[in-house]
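Here is the structure we will look at.
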Amino acid sequence: MSQLTHLDETGRAKMVNVGDKPITKRTATAKGKISMAKDTVQRIRTGSMKKGDVLSVAQVAGITGAKKTWDLIPMCHNIPISGCEMSFEIEEDGVTITATASTIGQTGIEMEALTAVSIAALTVYDMCKAVDKGMKIESIRLVKKTGGVSGDYTLEEMDQ
Amino acid sequence: MSQLTHLDETGRAKMVNVGDKPITKRTATAKGKISMAKDTVQRIRTGSMKKGDVLSVAQVAGITGAKKTWDLIPMCHNIPISGCEMSFEIEEDGVTITATASTIGQTGIEMEALTAVSIAALTVYDMCKAVDKGMKIESIRLVKKTGGVSGDYTLEEMDQ
Amino acid sequence: MSQLTHLDETGRAKMVNVGDKPITKRTATAKGKISMAKDTVQRIRTGSMKKGDVLSVAQVAGITGAKKTWDLIPMCHNIPISGCEMSFEIEEDGVTITATASTIGQTGIEMEALTAVSIAALTVYDMCKAVDKGMKIESIRLVKKTGGVSGDYTLEEMDQ
Amino acid sequence: MSQLTHLDETGRAKMVNVGDKPITKRTATAKGKISMAKDTVQRIRTGSMKKGDVLSVAQVAGITGAKKTWDLIPMCHNIPISGCEMSFEIEEDGVTITATASTIGQTGIEMEALTAVSIAALTVYDMCKAVDKGMKIESIRLVKKTGGVSGDYTLEEMDQ
Amino acid sequence: MSQLTHLDETGRAKMVNVGDKPITKRTATAKGKISMAKDTVQRIRTGSMKKGDVLSVAQVAGITGAKKTWDLIPMCHNIPISGCEMSFEIEEDGVTITATASTIGQTGIEMEALTAVSIAALTVYDMCKAVDKGMKIESIRLVKKTGGVSGDYTLEEMDQ
Amino acid sequence: MSQLTHLDETGRAKMVNVGDKPITKRTATAKGKISMAKDTVQRIRTGSMKKGDVLSVAQVAGITGAKKTWDLIPMCHNIPISGCEMSFEIEEDGVTITATASTIGQTGIEMEALTAVSIAALTVYDMCKAVDKGMKIESIRLVKKTGGVSGDYTLEEMDQ
C-alpha cells in the first residue's frame, strides 16, 4: 500500500526529497466552479461584455496564485512553471474555472493547477461579495495529469 | 440595486476606498470540505492519533494563508488580523474545515476566513495526493459574518 | 536644512520611527509614461477594444504592487492602504499611467502610488516586449500629495 | 507580424508556455536615471563618501527586487537568476543606475534587469523624499540582451 | 500558572485573538552575536572602512526581515511597525548585532526585534561563508521590552 | 587568500554569478538550540505528548522558512530545493533543532538549512514567550555540507 510520503517515520511532516526522480515534462489540469445567484451571473456577464473585469482580475489572480503555490502549501516544492493558462465558462448559475499548468522537472504540477483555480474562485467571490454573500466554491478537483513516474491520471468522465 | 463596488465607472477594477467607513470589530466564519476515499480518511485519522500531522500542517497553512489574503486576492485590502482559529472535523468521507477570523477596522474579514479554509484544503490535498488523486474540495462558503456597515450575515441553516 | 531622515547619526540606514506623528488621511497621486512604437500602441488599443488585456493586467499588477511597497523598498513602513485606483491614457506614442493611493496613518503614501505606476509600466513592457524591445519608462513622478505634517504638495503644473 | 504572445486567441492573458524552448545562457542589461535637485545629489555624494548608505540600500533593494520579478509582473515566469550586479553613477543632476542580470534557462532575463533598476530608483526616491519631492525616474530601458532564440539585442547607441 | 496561549483547548495551535487588548506603544530590543575567525572579522572591518558592505547589507536584511516576521512565524500577528533600528559592534571574535523595533498596537514587538537580529546574522554568514564556514550564531535573546499589558521586561544584566 | 565573493571590486555587494559552475547534488545540515527554563521544556514535552503543537508548528515554519531563504538573505540565489527534513530533540534545558536540506544545482544549500533552524527556533520562542521571555537561541551552525566545487565540509566533532 503506497504511503503518505509527506510523513516521516515518526509521523512528522517533511518536504519529500525528489532529487533522485527523473526530469519529465509535466502538465496538470484542474477545474472548479463558483456558484452564485442568477443576478450575480448576469452582472459578471454584462461586465464581461464591457471590459470583462471580474474574470480578467480572477485570471490574473489565478496565474499569480499558481506561482505562489510553494509559499502557500507548506510541503510543496518551489518549482519553475513553464506555462499556465486559465479559462472561464459563464453558466446559468455560476462560473466554471479551468486551469492548466506545466513544468519540466522532478515533481509537480497538480498543486499549481489546483491553486490557480482556488485563488481565481476566491477572487470572483471577493469582487461580487457586495451583492451576493451566498456564493459557494464547488468541486475543485484534478481532472488530468501527464508526466511523472506514477503515470498519467484522468478523472473519470462523469466527474469531470 | 447595490453595485459591484470593485468596478469603477469605466468597468475597470479598483481597490475600493474604505477610508470613510467606521472602524468596527468584525468576525467571519467560513467552512468547506475536502471529500476523499474512506481509506484516505482512515490514514489521516490514524496519523491524527499519532502526531496528527496532516491536519496540523493544514492548520498552520490555513492560518498563514489567511495572513496572505491581501497578496492573493488583487482587490483585497491589507488589514491587520486580530485572531484566527481553525478546526477540523474528520467524517466518514472527508474532512470538514472551519475557520474564524477577526479584525478591527474598516473592511474585511470574509476573504481571510475563506482563504484560510481554501489553503487548508489544498494542503490536505497535497499531503494525501500520493494515495488519492480523486479528492475534491467542496462547498467553500461564508457561514457567518458580524460587524461592518452592511450588518450581520448568517447563511441559511440548511446550507451551513 | 531638513535632513535625510533615513540615515542615522553614523550614516547608516534605519526605518524612521513614526510612532509620535499624528494620524492623518493621506492621499498621493503619481504619474509616468511608457513610450513605444506606434505599431505597439496600435496593438494595445486594438486589444483594448476586444478585452483590454494588456492594460487590465497592468492595472491589477499596479494595485497589487502598491500593496507590496513595504516589501520592495527597504526603509518603507508597512502601512494599511485605504484605496488605490489607476487609470491609463493611450496616446500616439505610448501610454500614460496614473495611480492614486490613500491611507489613514502616520506615514506614507507617496511610495505606494509611485510603486503602482512603476509596476504597471513594467507589466506593459513585459506584455509587449515580444514585438517592441525599445520601449522606455519615462518620467515617473509624484504629482500631488495631501495630508501629513509637512503639508500638501503639488508638482508645478508644467511638469505634471 | 509577430504577436503579443501573452494574449491567447480570445484576447485574455496567459503565462506563455516556454517548455519547448531551448535552454540558453541569457544576460540582460537595463539602465535608468533618477533626476533630482543638485543639493540632493550633493547629499547623496557626501553620504556616499561616509558610508554610502542611500546607494548601498538602493543596490540591495534592486537585487532583491530582481528576485521578486515573477511575483510583481503577472505573466513573468519564475526563473532562477544566476547573478545580478548593479552600479550607480552620480551625475550633476541625478544618479544613473545600471543592472545586469543573467540566467540559464528557457526564458528571461530582461524583466529582472528592468525591475532591478526600477526598484533601486524607487528606493533612492524613498530615502531622499524628505528633502526633494520633485525627483523623477527617467528613461528606464533595456540596453542589451544576449542569449535566447530571438537573438541578441542592443539599443541604438544614441539611446543608451 | 500562565498558559501557552498559542494552544487551544484541544492542543492545536491558533493565532491568539488580541482584539480586546488595549492599544499601547511597544518597544523591544534584541541582541545576538555571530562569532567567527579573527581573519574573517578583519575582512569585515576592512570592508567596513571602505564601503562597509557586509554590515550594510546585513542591516538592510535585518530591517526588511523584521517586516516579514508575520510571514515567517506562523502564529504571529501582522502588525504595523513604527520604526526599526539596528547597530553592529565589531569585536575581536565576531560581530554583536542589536535591533530595536517599535509598534503602536495590541500585540508585538518582541518577535520583530528577534527576527531582525536573526536575519542580519544569517546575512553576515552568507556573505562571509566563502572564507569561513565555522561561524556560529550565538545567544539571540530579548534584552528589553516596554509597553503591553504584561508589563516591562528587562533581561538580567549579566545576560545582556 | 580566498575572497569575500559577495563584494565587487569597488567594495559593493553583488549577487555572485554562478552560471559557469557545474551542477551537482548538494546537501547541508545545520543545527541550533533554543535554551529555556525547565518548566517551559516540560510544557512543550507535555504538549508533544498530546498533539505536539509547538514543535509541529516550528517544523512547518522551518521548512517554509527554508523556501524563503532567497527572499530573506539579499545576496542568496533563488534555487529549487529538492527536499528538507527537520528533527527536534527535547533536552532538559531546551530543544535542539536539526535541519537537512538538499538541492541539485550550481550553488547552495547551506543558507537554506541554517534558515530553517533559525526560523524554527524563532517559532518556538514565539509560541512559548507568554511563559518564558528568557529563552535564548544558541549556536546555530553548519555541521555538514556535501557537493559543490569547494568540496565537502564537516564541522569538527567537538563542535557538532
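Letters A, B, C, D, E and F mark the chains as written, and numbering starts fresh at 1 in each.
Throughout what follows, contacts are C-beta pairs under 8 Å (C-beta built on N, C-alpha and C of every residue); 3 or more make two chains touch, one makes a residue touch a chain.
Worth saying up front: this structure is predicted, and the values here are computed from it rather than measured.
Asks: Hey, what chains does subunit B share as contacts with subunit D?
Replies: Touching subunit B and subunit D alike, sorted by label: A, C, E, F.
Asks: Just how much do you need to spin subunit B so its Cα atoms sit on those of subunit F, in degrees to the nearest 5?
Replies: 180
Asks: Quick check: more C-beta contact pairs in E-F or B-E?
Replies: Higher C-beta contact count between the two pairs: E-F.
Asks: Farthest chain from subunit B, comparing Cα centres?
Replies: Looking at centroid distances, D is the chain farthest away.
Asks: How many Å are there between the centre of subunit C and the centre of subunit F, using C-alpha atoms for each centre?
Replies: 37
Asks: How big is the gap, in whole Å, between where the Cα atoms of subunit D centre and where those of subunit F centre?
Replies: Each chain's C-alpha centroid was found; their separation is 31 Å.
Asks: If a residue has to touch 2 or more other chains to count, which residues of subunit F qualify?
Replies: 12-13, 51, 53, 56-57, 60-61, 64, 68, 71, 74-75, 78, 80
Asks: Which pairs of chains touch one another in this structure?
Replies: A-B, A-C, A-D, A-F, B-C, B-E, B-F, C-D, C-E, D-E, D-F, E-F
Asks: Tell me, which parts of subunit F touch subunit D in their complex?
Replies: Its residues touching subunit D are 8, 12-19, 70-71, 74-75, 77-80, 105-106.
Asks: Help me check something: in the complex, which residues belonging to subunit C touch subunit A?
Replies: Residues 51-53, 56-57, 60-61, 64.
Asks: Could you pull out which subunit C residues touch subunit B in their complex?
Replies: Counting only subunit C, the residues touching subunit B are 25, 56, 59-60, 63-64, 66-68, 78, 80-87, 102-104.
Asks: Can you name the residues of subunit F that touch subunit E in the complex?
Replies: 1-7, 10-13, 32, 43, 47, 50-51, 53-54, 56-57, 60-61, 65, 68, 71-76, 110-111, 114-115, 118-119, 121-123, 125-131, 133-142, 145, 153, 155, 159
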